[in-house]
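Before anything else, here's the structure in question.
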């Protein structure tokens, strides 16, 4: 999985019928030091993530292992909202720090 | 999924028989700010996309989860035509803005 | 799929027995403007492609969706020989132009 | 598989229910000379790895072939803790050398 | 598949039990001109490859299509030892040339 920040969403009315009512999130990849990277992915939301959330997303066939994405043409899914992470014992990100 | 613009199509009469009548679209990847990237993919169309459309495409085994691509040697599928997207609350692209 | 030119072939007598009689093609990736890229792949041929042909190849599990590659340790397959393609209405490549 | 060093962990209380009690490790990729690379992955632990361990991780659908990850939206798993490796007959890393 | 040279091996006593007795080879990727690249992979051996051999390896789910890797958390397998290859009719590598 990679760390990403939800920065937007995509509207697409004309799509594969199995994707009806799925929410497409624009996610900007962050590195493990929480620096935004020049890389993004559009992922289906499976956990109720919203703009500004730092999340984990899974790619490839693993993106189809949630109830909302099973058997669907979807290659990226947000499967966790991050509370916090640390590197070498030092906190890098803490959702509730503000 | 990644955002891409349909910029052309490929004709290939000699191909795996399971791909007969499938349309191969040349798609140029765009970033989330809608800037064209130096990256392309040839994807099978599953939603009636045409030249100039901004679309989402799915890669890998997920590209085989549509009726038109199921069980076929196809690793990229256009599965949605984008109406619009936003970043941080600001509209980046709007199909019907013109 | 990506566009590639068949530039050679690999001989390997000692290999997984399920790959006996499969032809390994050295394919150089081309971009959508038909410029050769600094990237190659070795792909199994499923359509009778030969040196000099411009082809499409599929990667990953999709590479196992042909009769010749089904259930085999093969992650890239040539599944189409390109006749032509266009970009923004202009022909980029035409097999029979010479 | 790639070589990586476990450098931290991610806490995510809101996640796909099939990932409950799974441990998310922040892993920094190392090259074969044991140089840290500017690349990381968040992987589920299946072998009891801890901070500082050099490990192997598997990606994609192969990341779901352990008991802890089977059928789960997980695209990277730590499936081995490295004891040592050599290059051209010379030891590069030895876990118990200190 | 990609071309790689076997340059070492990894010892890992603590690993997923399904990987017991599997040999992990450190493989350095070569390009199609046989130039070593700054890229490596750790792959399970399925063909008896040894240090110095030029091999083909398959990635992703295709890496699990050999007897030794079926159903195992392994995303790269050496599935062929290269005898020779040519580019544009010129021999690039010949195992038995010395």
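Each chain carries a letter (A, B, C, D and E) given by its place in the written order, and its residues are counted from 1.
As a working rule, a contact is a pair of C-beta atoms (placed from the backbone, for glycine too) under 8 Å apart; a residue touches a chain by one contact, two chains touch by 3 or more.
Note that the structure is predicted; figures quoted are calculated from it, not measured.
Participant: Show me the overlap between the contact partners of subunit A and those of subunit D.
Facilitator: Shared contacts of subunit A and subunit D: no chain.
Participant: Please tell me the distance, in whole Å, between the geometric centres of subunit A and subunit B computed from their C-alpha atoms.
Facilitator: About 20 Å, centre to centre.
Participant: Report, in whole Å, the distance between the mean C-alpha point of subunit B and the mean C-alpha point of subunit D.
Facilitator: 33
Participant: Going by the touch rule set out above, which residues of subunit A reach two or more other chains?
Facilitator: 60-61, 63-64
Participant: Quick one: ring order starting at subunit D, direction subunit E?
Facilitator: The ring, traversed starting at subunit D in the subunit E direction, is D, E, C, B, A.
Participant: Which stretch or stretches of subunit E touch subunit C in the complex?
Facilitator: 1-3, 31-32, 46-48, 56, 58-63, 65-66, 69, 77, 79-89, 92
Participant: Touching subunit B in the complex: which residues of subunit A?
Facilitator: Residue positions touching the partner: 7-16, 18-19, 24, 26, 28, 38, 40-43, 51, 60-61, 63-64, 71-76.
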